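Heads up, the next two complexes both have subunit A, just with different partners, subunit B and then subunit C.
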Partner chain A sequence: MTEKPKVATASLAGCFGCHMTLLDIDDRILSLIDLIDFDKSPIDDIKELGDCTVGLIEGGVSNSENLETLREFRRKCTILVSMGDCATSGGIPAMRNTVPLKECLEEAYLNGPSVVDGVIPNDPDLPSILDRVYPCHEVVKIDYHLPGCPPSADSIWAVLNFLLSGEENLELPYELIKYD
Partner chain B sequence: MTATEIKTVTRKIVIEPVTRVEGHGKVTLLVDENGHITRARMHVVEFRGFERFIQGRPFWELPVAVQRLCGICPVSHHLAAAKATDWLVGGENLTPTAQKMRRLMHLGQTFQSHALHFFHLCSPDLLFGFDAPVSKRNIIGVIREHPDLAVQGVMMRKYGQEIIKATAGKKIHGTGAIPGGINKNLSIEERDFFLSDIEQMIEWAQGAVELIKGVHAQMPDLMKTFGAFPSNHLSLVREDGALDLYHGNLRAKDSLGNIIFDQVDYANYLDYIREEVRSWSYMKFPFITSLGKENGWYRVGPLARINNCDFIPTPLAEAERQEFMKEAEGGTVVNTTLHYHWARMIETLHSIEGIRDLLNDPDLQGDDLIVRGEKRKECVGLIEAPRGTLFHHYRIDDNDQVTMANLIVSTTNNNEAMNRAVQTVAAQYLDGNEITEPLLNHIEVAIRAYDPCLSCATHAIGKMPLEVELVTEDGEVLDSKFKNR
Partner chain C sequence: MALELRNQAVNVNEIVSNHGTERHHLMNIVRDAQDAFGCVSGDTAKAIADAMGIHMVEVEGVVSYYHFLTRKPSGKVTIYLSKGAAPSINGVRELTSVLEEVTGSKFRKSGADDAVGLEWTSCIGMSDQEPAALVDGVVITNIDADKAGSLVAHLVNGGDPKEFSTETGDGKNSSDRIHAMVNNNIRKKGEIIFGDRIVGDAIRKLVAMEPSAVLDEVKNSNLRGRGGAGFPCGLKWDFCLKNEAANRYIVCNADEGEPGTFKDRVLLTEQPELVFEGMAVAGYVLNAEEGIMYLRAEYEYLYEYLLNVLNKMREANLLGCNIAGMDGFNFDIKIQLGAGAYVCGEETALLESTEGKRGEPRDRPPFPVSNGYMGEPTAINNVETLSAAARIIEKGADWFKSFGTEKSAGTKVLSVSGDVERPGVYEVPFGITLAELLREAGGENAKAMTVGGPSGKIVSSADFGRRIAFEDMATGGSMVVFGPDSDILQIANDYMEFFIEESCGRCTPCRVGTTLLTRHLEKIRAGRGTKSDINYMINLGKVITGMSRCGLGLTASNPVLSTIENFSELYDGLLTGEEFVPIHDMDLAVRIGREIANFN
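On to the complex of A and B.
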């Protein structure tokens, strides 16, 4: 049996909606597992990323952990795809780029109307937050950008099939790439 | 390296990442030289800053913007924000069509979310055992070994997602609810499409309740003791005490079933609930003010709701509730972590019964969609999200721009309970033992019972990868072990 291509996925500073849309391929997931093997992904238990044909990234880069994960994906994946608006542009989490980080923390942990005896979390067990939320392509080279919040299940399905086919040009019909 | 070999250091065991909900989570355990666990914490390690950066945005963006916090149950945030902004436009008394469309959307989401959690995420543990081989313990293992069951789970989730699409316009991050109402009704074609599968869905939901009851019958001791601890319980209930996921007043009970408060108008939530911040987690710790930080923490979600309500207003689920309540040891409240699964399946059955009743209601085809009245500057919206009570609170200025946003999300309400579950299971299973992969999975099983939505990677599709590190107190890594290799 020849080895199936490997696909890995990661969620950085996203809401997981893009991953949920991946699940919205519904019963096509039954044929997907004949087509590919999942490598590291929230879909399975694999902890260490192996060499993969395709990596799908959800979410932008908001903290030091996101940064490490994205760099590792770039090293191990032949084709890296920014999946959804957060990965391609930072998305809603990047709205914090307009405000100093300190103010965001103070609002949540000191000023909130339900907070008592507030303190800003600062334990060494927490990763450091970056000054801004960065889209993935500002951190590593990204091969494909898939717009949408989230992209539709049909477009993720079409893109996956295209990338695995090894063909040169992908033409997605308008319905599959339109923004909303 | 085992516990006994490291005599001189306190070990810190890190389990990471635990889960994403509004971010990533991890667990740290401190173990003394005798292998006893001296501290167990679940940290949420991601921070968004939503409360601040939404300021200045026009209020009508709230129902579509806030849901981007969470793609696992965006409908909950969509509807909680819509319920809040209803007040801003004086449209809180929705038309029957608007209210029922929103209820349908919400039940569709509860149905899909509970099905996803049970079949995709938890069934591997329940079917194969907590310490089954890693390779098998995931949804793909279920597809391979129990294809019928896996297909049921996939199709139930799909049905709920299609309901969301028909009511919100889109399966994830829809736009159906707007301040004061909704922007579409349900067509006859859509209704008939859903009615054609409804009996099948009800049957499958009943099957899921039977499945979890079978698990309890098989290993009653494990199910009753695993991560069990007494707690208070908080949820919305209807005015007559019925379970209601969309609207109601706040009720809190203690671990014995005594009422702490009841029928509290949630607009006054600040008189009853406060939040503590701890320096080691971005997730706050809510508590009932009158009981204080130490004793005021509580559980929310399916277990709390089934405990708190007087009855369920749909017959099949009500019969199941009565059977479930027999599990309450000598009281009127079930305080066991693993009973969450059972309670969740009762709610799944309730959701699909509720969907059937709504589909048969001609109000869904009405065209009176929006109400407007006197404008206001401050609003609170609550809803029972799949994972528990969700609070949204906003203030706006004369220009309709947001000036204050306070969110207490469902998973946050369970923060202390999840920490207790981790502590309890660590003490029950890990204390004094060499840490092995199956033991680590026990911690996962405990956290997962709460269906935490720390942005839900794990929640959505599979298992949380865990990593254990042995480090000295000054941070030297002595040994590390990947759970999922």
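On to the complex of A and C.
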């Protein structure tokens, strides 16, 4: 038996909604595991990332851990996909970009009405927060963008099938890229 | 404080009652308020809104939209220094530090406490005599360090900007009602626009003809719009005429905002009667009784003069009722001043502004020929187009067609500036090559030039054999020439900054796209660009061009797209061999966060 292509997924600064939608492919997940093996992913809890054919990234880049994860995915995945609006544009987490980071942190940890003896977290075990939230393609090369909040299960399914087929041009039907 | 507020309320009421409470007077009201108080504060906006019976947000919306209306004062008096390609070539960068030193103020950071505030402004139509600035509507040209010093000293001592200099420019610039140091710099007069004529000839000829015959004459002349887009003038009037309406309006677009163009300034100074007669010709054809000239705020120094010209024309029965003795031919013109917004040169934005609103472009269709000023059919033409129409009536379509090429009849008035020996206005027949123009202007060693300003194209010397004509290179007339030492990508970068500044912000492709394009251009100029950035910029440029609401977005990518096309070697020379380089410094992004959170 030849080895199946590997797919890894990661959720950076996102809400896991895209991953939940991935599960919405329902029973097709049985066909999917005939086609592929999942590598590192929140779905299987594998911790170490191996070489993969496809990496799906949910969420933007908000802290140093996101940054490292994304860079590692880029190194090890042949094809890297920004999945969902947070990955493609920063999304909801990027709303903080309109407020300077210092003010955000001070409001949350020092001056907020419910804060008592507050301190801005600085434990060395914590990933450090970036000055802004970045969409993935501003940090590493991204091969495909799959918009949607979340992208529908059908479009994730179609994109995975296309990427694994090795065909040249992806054209999603209108129904899959219509969002209103 | 309370007393001050009360006084202000009284003054505001006076201002409002001077104009009237109808919504379309709002522009004039806020302009007057700005003049009176040095800004339109929230309190003033509230008082205006109360007096007009509208919501305060409408007033603040207008104030926040225009460059010369401010919510806070910027110095007791403000110097608006023109920036752009021509100012840069003429040393505005050095002047910037001189001005900051002698005033003690900072550009963009001036406040009420500064005796003399400093602000930037986009091209003020003085590219042939830069560096130039506006102070309370007064134009100061050819500013060097000495002039900057004496200007600031004059203003600090409470001097009236009007009295700063007794120096006046050539031609009618020295007349009492203009009295400006502006020079016409007419380098070449053509037969059509700057040809000798007698005031009133067009109107006297006009009244001897049937309106339909006048329209036919204009159609036969193949006169096309001189603003740059080149829509056939006769056809526009015909469309307008076919829309049944009680009222039709003639609007003259004198919002010459394209950086590097200044020909309308000269036309309005030397041939204002010709422009107004052109409006009367349109009024006669379209049976319109009211004409409006939308004059850009930067040309406010011509306002009194133009009003006086209108008065004289009324006295000579060339405007008003029963013009030139013809019963029932009634037509008059008023002038609407803008308040500083490039996009108001776009016809529907201009209409919005004329109606006293934010100058945001409307959706088209419907076009102004059916739904224009106040919803009525409106013909909007460029200053130069209307002037040419008047000359066509005077001398005939065949005479007009004897100039230019087959598809581009007549002459074009070009504004030439930058690295040339003789910057100024050139009226040339259509069909002239760029090389011929450069020879006349003394710019033979140019390595590039802009045809049509930032919204046009930046072309290299490889294209200097091309012709100025609708069938080859159409242009509104802004020709900025760049000498052998120019940094073309710096120019493209400056042009993009201009579009970022002037985008009205309503549609995303234009508002966001212009910034993204610029950031990528900067990345490439910093030596961090990759081939993928070029592809990204080309694709993004197409999106901006195709998806924007109005002509500004349609052309806003041109500085980047035309330089990628015409100067690809400049880009290639700057690219790194790497496949991908992030646009941001991610190490810095981490460091900033760590510093704020006090990580050790």
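Just so it is clear, the second predicted complex is superposed on the first by the 177 of 180 C-alpha atoms of A that agree within 3 Å, B and C clash if a C-alpha of one lies under 4 Å from a C-alpha of the other, contacts with A are read in each partner's own complex, and residues count from 1 in each chain.
Keep this in mind: contacts are C-beta pairs under 8 Å (C-beta built on N, C-alpha and C of every residue); 3 or more make two chains touch, one makes a residue touch a chain.
Everything numeric here is computed off the predicted structure, so don't read it as measured data.
Enquirer: Under the stated touch criterion, which partner chain does A:Leu130 make contact with: subunit B (first), subunit C (second), both, or neither?
Expert: After superposition on chain A, A:Leu130 lies in contact with subunit C alone.
Enquirer: Touch check for A:Lys6: first (subunit B), second (subunit C), both, or neither?
Expert: Neither: A:Lys6 stays clear of subunit B and subunit C.
Enquirer: I'd like to know which partner A:Asn63 touches here: subunit B for first, subunit C for second, both or neither.
Expert: In the superposition, A:Asn63 touches subunit B and subunit C alike.
Enquirer: Between subunit B and subunit C, point out the one touching more subunit A residues.
Expert: B
Enquirer: By the touch definition at the top of the document, which applies to A:Asp117: first (subunit B), second (subunit C), both, or neither?
Expert: first
Enquirer: Could you look at A:His19 and tell me whether it touches subunit B, subunit C, both or neither (first, second, both, neither)?
Expert: first
Enquirer: By the touch definition at the top of the document, which applies to A:Leu101: first (subunit B), second (subunit C), both, or neither?
Expert: A:Leu101: touches subunit B and subunit C.
Enquirer: In the overlay, answer first, second, both or neither for which of subunit B and subunit C A:Val139 touches.
Expert: In the superposed model, A:Val139 contacts subunit C only, not subunit B.
Enquirer: Both subunit B and subunit C contact which residues of subunit A?
Expert: 63, 101, 105, 120-122, 129
Enquirer: Taking the complex as given, what residues does subunit A use to touch subunit C?
Expert: Contacts found on subunit A: 63-64, 67, 101-102, 105, 120-122, 124, 128-132, 134, 138-141.
Enquirer: Within the complex, which stretch of subunit B touches subunit A?
Expert: Spelled out, the residues of subunit B in touch with subunit A are 14, 17, 20, 24, 26, 28, 41, 43, 45-55, 65, 68-72, 74, 116, 120, 134-135, 137-140, 143, 147, 150-151, 154-155, 157-158, 161, 170-173, 269-270, 273-282, 284, 286, 293, 393, 404, 406, 408, 455-467, 482-485.
Enquirer: Show me the residue ranges of subunit A that touch subunit B in the complex, using the header's touch definition.
Expert: Spelled out, the residues of subunit A in touch with subunit B are 11, 13-24, 26-27, 29-30, 33, 38, 40-48, 62-63, 65, 91-93, 95-96, 98-99, 101, 103-109, 112-123, 125-127, 129, 149-150, 153, 180.
Enquirer: Can you check the complex and tell me which residues of subunit C touch subunit A?
Expert: Counting only subunit C, the residues touching subunit A are 532, 579-580, 582-584, 586, 588-590, 592-594, 596-600.
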